[in-house]
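Scrolling down, you'll hit the structures one after another.
Each of the next two complexes has chain A plus one other chain: chain B in the first, chain C in the second.
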Partner chain A sequence: MSKQSKMGVLGLLLVLPSFLVLFVIVILPVALSFKESLTNDSGGYDLSNYIYLFTDKLMRSNIIFTLTVTIISVGLVLAVSYALAVYMRFNDSAIVRWIQKMYMIPIFIPGVIATYGLIRMLGNRGWAAQFLYQFGVESMPRFIFDMKGIIIANLWFNIPFTTMLLASALTAVPNSIIESAKDVGAGMWRIFFNLILPLTYKTLLVAATFAFMGIIGSFTAPFLLGPNAPQMLGVSMQQIFGVFQDRQLASALAFFTFFLCSIMGYFYIREMTKEERGKAT
Partner chain B sequence: MIRKKSILSSLSALTILSVILSACGGAANNTANTGNSGATPAANTEDTAAAEPVEFSFYLTGSQNVKSLYDTLIPMFEEKNPDAKVNLVYIPSGAGAQPTYDRILAAKQAGKGSGDIDLYEAGLSDVTLGKKDDLWDTLNADGIPNLNHVNQQVLTNISNLAVPYRSSAVLLAYNSEKITDVPTTLDELYEWIRNHPGKFAYNDPSTGGSGNSFVMTTLYKDLPEDAIYNSDPSILEQWGTGMDLLKDLGQFVYGGGIYPKKNQGTLDLLATGEVDMIPAWSDMVMEQTANGLLPASTKMQQLTPGFNGGPTYLMVPKLSEKKEAVYKFLDFVLSPEAQEVIVNQLHGFPGIEITNMPQEIQDSFEGAAEGFRSFNIGELEKEMTKRWQSEVAAQ
Partner chain C sequence: MDIQLSIQNLTKRYKTGDGVTDISLDVRKGELITLLGPSGCGKTTVLRSIGGFLEPDSGEILIENKSVLKTPPEKRPTAMVFQSYNLWPHMTVYDNLAFGLKIRKMKKAEMDFAITEVLKLIRMSGSEKKHPGELSGGQQQRIAVARALLLKPAVLLLDEPFSALDAKLRHEMREELREIQSKTGLTMVFVTHDQEEALSISDRIVVMNHGHIEQIASPQEIYDEPKSLFAAQFIGKMNFLKGVVSADQVIIQNLAFPNPKRLTGEVSIAIRPENVILQDGEETGLSGSVKQIMILGHYAEVSVDVQPFGIIRSFQPRDQVKHLHSGQKVKVNFSKALAFPAV
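After this line comes the complex of A and B, so read on.
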């Protein structure tokens, strides 16, 4: 065997374990649930479950609700995290050092506990309301059992990790570039849009993908904080599977969620490979 | 100097590692030993049945509080009956790989006796299912003397196939400081809800039995009395008026149509004083009032006709080979002494007639332990939550 083919076999052997894991815990279940989702009531195969997903009024409003919550949340998470990361990168003060120490804390608080904490704080008689009452604010907008509650929870869960990703990307931006840009007279905004943003664009995309996937499939916060209807897809899926025990419809919904995530994944992978190819040539 | 330090630290790391490893090995040996020692007496039981206690398996699926109840009761029983031993197999609800009922049935069909399950706890639906499949042993007071203290009507209804050893019911829990004029019928309740907007809440019926019971009771309000035992889909058409009523009530309940999740969701609202009245499980209300989670002014009221409620049953598989020991255990569970633990620890209603209990327990159940109805509509319950979700929640 030539050295090259030996290396090839070795490469395959190295890839094999991770491929097997991927096959057993991702590809196989996806295929099985796709098959399940095509099964109709009489046992045959057709698209009836998918037709139901897009024609039933309740289901359609669930899908629209989920997408709305996800897109608003991802947008807000990226905006807040990016601002925070940029602030931490280009400033050095006592406040920055405090933020650097503290912004990871939410990651270490279990989701259920954080959600109950939010209920306690933002609920109708929660301490936010009690605090504002001292200043004569009689009624608060409704956060709990509303879309706003889910979005706030999503911010809490996603900002730390996203900030961490972006902060590390920003650290990789060399000071020398920025200084030389300044030397030739570039303004603050110009430096940001022409240098910093393009240099961290890829990480921004990674962060958006992670946040999108995490939020679209979230369960705990929407279940405890969300309205009864419309529901987010995770909550609806649980109800269809666990309470209505309609496995086919639940599979169809699961597959649809997977499909939404894979669209996001497609853009992500396309961007990544574009870069790789650019490097190779 | 630096070298020395690194040698030292690597040495100590090695020591720690070896300690950990040997500890692991020791643990592994220990488990192996217990495995062996566990097997030996079991083998002995068959040889010298008289000397060794008979060990029977009790399968329990449910919440943690039910398990802790048996963690108290079983030692009490074993102390009194050294010749019997209970092997409690607890399967937390939702985690059971294969529901116990299916196992018993499969064992019977495969000709393997009772599948080593000698006692099983479940609700009414499994009792009726087992009657159809001929799985349960017929029980009588000869083997279990304390069965005489149980309401005989309940026993007749289930053809003596199970022991109703505790029960709980959904009822109205309310803040007695704010409400003096408590509704006692459904119509009065609806009127109260309309007159006090936002002060009543029931939970999403797919997430907990108390809201579920409120919805079900409303749907069957104007239907014939025995419709609540009917699981035939033909009755679905008659749900229309009930659904319309629930839809209409939506604007008057908490937050103009907010239905919290889980039984605990509405209890939390009652605790913070956001609402004044909710349907709730009796045992949850009593436990949380006792713990101070709910204000001491919380009181309970059953309606006529009542909300859903009913006993939890213990069944003995017909093919079990250790019936004698199981009967002894059942007799113990029905003794006033064990029933008192059920009342005090689980806050359930006693399974034996309440006149057999101490006076103070009789007093605490006044007005609460009676009047509930045992709905049994089977598969229709799924349909009910489905329709509620699309018609009431998403209106």
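After this line comes the complex of A and C, so read on.
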């Protein structure tokens, strides 16, 4: 064997274990459920499950509901986290040090417990309602068993990690180049839009991808405090699978969710592999 | 004479107690003035105060007779060339140069022209599309200079701009800067810890030590008449000997020199190597023996062991050292000696 082909075999051997793991854990189940999703009631193969997915009124509203919740949540998470991270990066006060210590706490609280906490707080007779009642507010807007509740839960679960990601990207923007921008006359907004945003844009994209994936497939919070109809796809999937025992339809829904995530993944990979010119310094 | 920049009793102390105290300095229009001193003496602190990046504890800074203390850096008529270049890594050379001009709402055609011209001036024509990461240190430094030049600042501030470059490039850049200055007539405050650099490019030098000014004078004057022992030590080569004042004369063994500063008691005497005279054994002078002769181009450095003073270095024309050899007994005399209070 020539040296080159030896190296080639060695390379294959090195990637083989991780490929096997990927195959067993990801590729195989995806392929199997794709096959399952194409199976119709009479045992043949067609697109009937997918047609049902997009024509049934309830299923369609579930999909739209899920996308709406996800997009609003991702938008809010990014906005809040970025604002928080920028604030922490460019200010140094007692408040900043306090936020820096506190903002990670939600990560350490189990999801179910946090969700019940939210229900206790925002529910019909929750303490937020009781608190407002003291001030003469009779009717609180409905949060629990509503889209707003899921969005609030998503904020709670996603802001800490997103903020952490963005904060580290902002720390990597050196003060010195901000100083030189000030020196040539750039004000606050110009520095933000011409320096800070372009230099942290990639991390922003990473954060958006992570948040999107996490929220679109979330289950605990939508299950516990979401409305009965329409539902998030995770909850709907569970119901089709567990209650209606329709494995083929559940598979079709799972594959569709996977497809939505892959679109996000495609944009992510495309941005990440764009040639990075002149970023060496 | 027009005073372009005036610093009056500037004091800035950091929490650690380091900083600068009571700095006063007037810079004339079109002048290149150098802040010279060892690392940590407060040069950057003064420069950053002028640029607006530090708020002085007390004192006043006037540019074209207007106080700028209340003006934030982005509004000051200064431009700074930073020690670490501070170019924007995600922008091309063109965008780096155009950024400040866009803020000033310059027209595109005018801007293109100005950028082409400045790139020609720093001899980097054609590099518009490159990113800073694709340039060498010297090229990045030149872009940083160009970026500041384009803004036509009332005062251009340069913080050790050439210290990261190799010796040859550093020499070239000095000459270029001097040329740019004579072409543009810009007022410049240049910071360096390199005395040779300061001597070669400055109209005047401000010698700084431990956060205060030791002397402000032309390179000639600083070299010939250093006002303090520190300035004498820091600039150029110097021999130091102990002496004493007696009958209003500065005495070193059997040699006597005038005492214009009316010093008394023990003194430190500073002598430039070129002011050391080597004579035959019969003449008057300090007796010593030649230790080493180094030919340094058109002149030679001769070190002489003079007890009890130690080694004295002298510069001699090369043809006059032909008859010298190491171990030879000589008499050492000085054509000029500067006395300072002993420390």
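Here, the second predicted complex is superposed on the first by the 263 of 281 C-alpha atoms of A that agree within 3 Å, B and C clash if a C-alpha of one lies under 4 Å from a C-alpha of the other, contacts with A are read in each partner's own complex, and residues count from 1 in each chain.
We take it that a contact is a pair of C-beta atoms (placed from the backbone, for glycine too) under 8 Å apart; a residue touches a chain by one contact, two chains touch by 3 or more.
Only a predicted model underlies this, so the values are computations on that prediction, with no experimental measurement involved.
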First (chain B), second (chain C), both or neither touched by A:Asn124: first
Touched partner set for A:Ile263, first chain B, second chain C, both or neither: neither
First (chain B), second (chain C), both or neither touched by A:Phe145: first
First, second, both or neither for A:Pro230, with chain B first and chain C second: first
Which of chain B and chain C A:Ile51 touches, first, second, both or neither: neither
Shared contact residues on chain A - chain B and chain C: none
Interfacial residue positions of chain A with respect to chain B in the complex: 56-58, 61, 123-125, 142, 145, 223-224, 227-230, 239, 243-245
Interfacial residue positions of chain B with respect to chain A in the complex: 204, 206-207, 255, 257-261, 272-274, 382, 385-386, 389-390, 393-394
Residues of chain C that touch chain A when the two form their complex: 51-53, 72-75, 78-80, 82, 84, 86-90, 92, 99-100, 103-104, 130-134, 140, 147-148, 151
Chain C-touching residues of chain A, taken from the complex the two chains share: 176-177, 179-187, 190, 194-195, 198-199, 277-281
